[in-house]
Amino acid sequence: MPDKKKTTIVLFSGDYDKTMAAYIIANGAAAYDHEVTIFHTFWGLNALRKDNQVPVKKNLLEKMFGKMMPRGTDKMGLSKMNYLGMGPKMIKHVMKKHNALPLPQLVDMAQEQDVKLIACTMTMDLLGLQKEELLDGIEYAGVAAYIGDSEDGNITLFI
Amino acid sequence: MPDKKKTTIVLFSGDYDKTMAAYIIANGAAAYDHEVTIFHTFWGLNALRKDNQVPVKKNLLEKMFGKMMPRGTDKMGLSKMNYLGMGPKMIKHVMKKHNALPLPQLVDMAQEQDVKLIACTMTMDLLGLQKEELLDGIEYAGVAAYIGDSEDGNITLFI
Amino acid sequence: MPDKKKTTIVLFSGDYDKTMAAYIIANGAAAYDHEVTIFHTFWGLNALRKDNQVPVKKNLLEKMFGKMMPRGTDKMGLSKMNYLGMGPKMIKHVMKKHNALPLPQLVDMAQEQDVKLIACTMTMDLLGLQKEELLDGIEYAGVAAYIGDSEDGNITLFI
């Protein structure tokens, strides 16, 4: 039996539109039977945050980072034409009209399709994000795991 | 006869400088006999717009998107140092001085070299862009075609 | 003896956070015995600038570009939450607290690990950057060299 094809994505961006592109490609590749990994680092970690505040101990700077960054995909802005939040509203409106899945459901679908969602532990440390604040069912790893996953991959992207 | 090498680029960005990087890599790879595909999605679709207004039926939101987004590569801004449009003027000035091809001609050259230019149909729907508004000689496809093209590829980039 | 695995990164961005991601991946891949290349183009060239002013002959526009762009990694801003320079200060503060290597040392480490650092000669021409202004021990090449390096690669990224 031949090995499965592999798609590995580094999700660095925390923008709604780029995160959507990442998850659409991931779900597409999974539907074509690829082994798919999304490695969430820097602002990309925000895609994995629970949308409610979780009571954990933080220092002042970690609290500030926590407040300034969006809690989960639904609160993200656009990389272009954000217009103080009008842009995401417009995009979500047309997505609904065209029956396109909203981003939080694209994340659910990825988990159902066994896309491996990894949170970069180094960035979690830097930004003061703790496991309790992130979605269930994800994995935790560093750059070594990313290299191991992607060096035999077919599609490797940085988004 | 061995298979040709393959380069596939997802062009997500609608910035002049990033689009230029994408087309320079695409033309370079084509010159080295790669089979090259650029899959234009989200703001990257603007690279494929005709530079004149095309009379098509649109709803209000689609008209707004149409007006706010640049019509073709020549009207794009820079990802950095845009300075209300001064940046692109400066870049175009130095490109001319150094005999570098301006972006619209890089797109022409890509078409002459048989680089496959694909417009993402899902994003066309969302942003209300219609075939009549886009360049001739391009193809239309979704994420499945992108996965098919790039899973056997050598160079896979997201720009 | 099998060929070494290859990682090739196009570093287009001139942001502190994205450049850090590029160099962390590059150093990680080098530690796993990959042959690693970072091809610095457009704003990514700034990562290779010496941090002091070097006296070279420039025309007016080249002087302007030279002044507006950061001299070396330590002077870069963030892609998100830059807050007029507060963001980089905060990130550097938490990096120090967590004993993470600051970006200039990540560049040193890459050179020690024989990561090939290439400056894109076409962009050097456009932005008026000269060899004297860039770090010692780097290479100079164009898009053809990039295609040659990455077409047999395992991990290919555009950052």
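Residue numbering begins at 1 within each chain, and the chains themselves are lettered A, B and C in the order written.
Operating definition for what follows: a contact is a pair of C-beta atoms (placed from the backbone, for glycine too) under 8 Å apart; a residue touches a chain by one contact, two chains touch by 3 or more.
Composition by chain, UniProt nomenclature: A, B, C = DsrE/DsrF/DrsH-like family protein.
A quick note: this is a predicted structure, and the numbers were derived from the prediction, not measured.
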Self-check item: Equivalent-chain rotation between chain C and chain B, CA atoms, steps of 5 degrees
Solution: 120
Practice problem: Count the residue numbers both chain A and chain C use at their shared interface, divide by all numbers used there, and answer same if that is over half, different if under half. | Solution: different
Quiz item: At what distance in angstrom does the C-alpha mean of chain C lie from that of chain A?
Solution: 25
Quiz prompt | Multi-chain contact residues (two or more partners), chain A | solution = 156-158
Quiz item: Can you list the chain A residues touching chain C in their complex?
Solution: 10, 12, 14, 41-43, 61, 64-65, 68-69, 122, 125-128, 143-144, 146-148, 150-153, 156-158
Quiz item: Touching chain A in the complex: which residues of chain C?
Solution: 5, 7, 17-18, 21, 24-25, 28-29, 31-32, 34, 79-81, 90-91, 93-95, 98, 100, 154-159
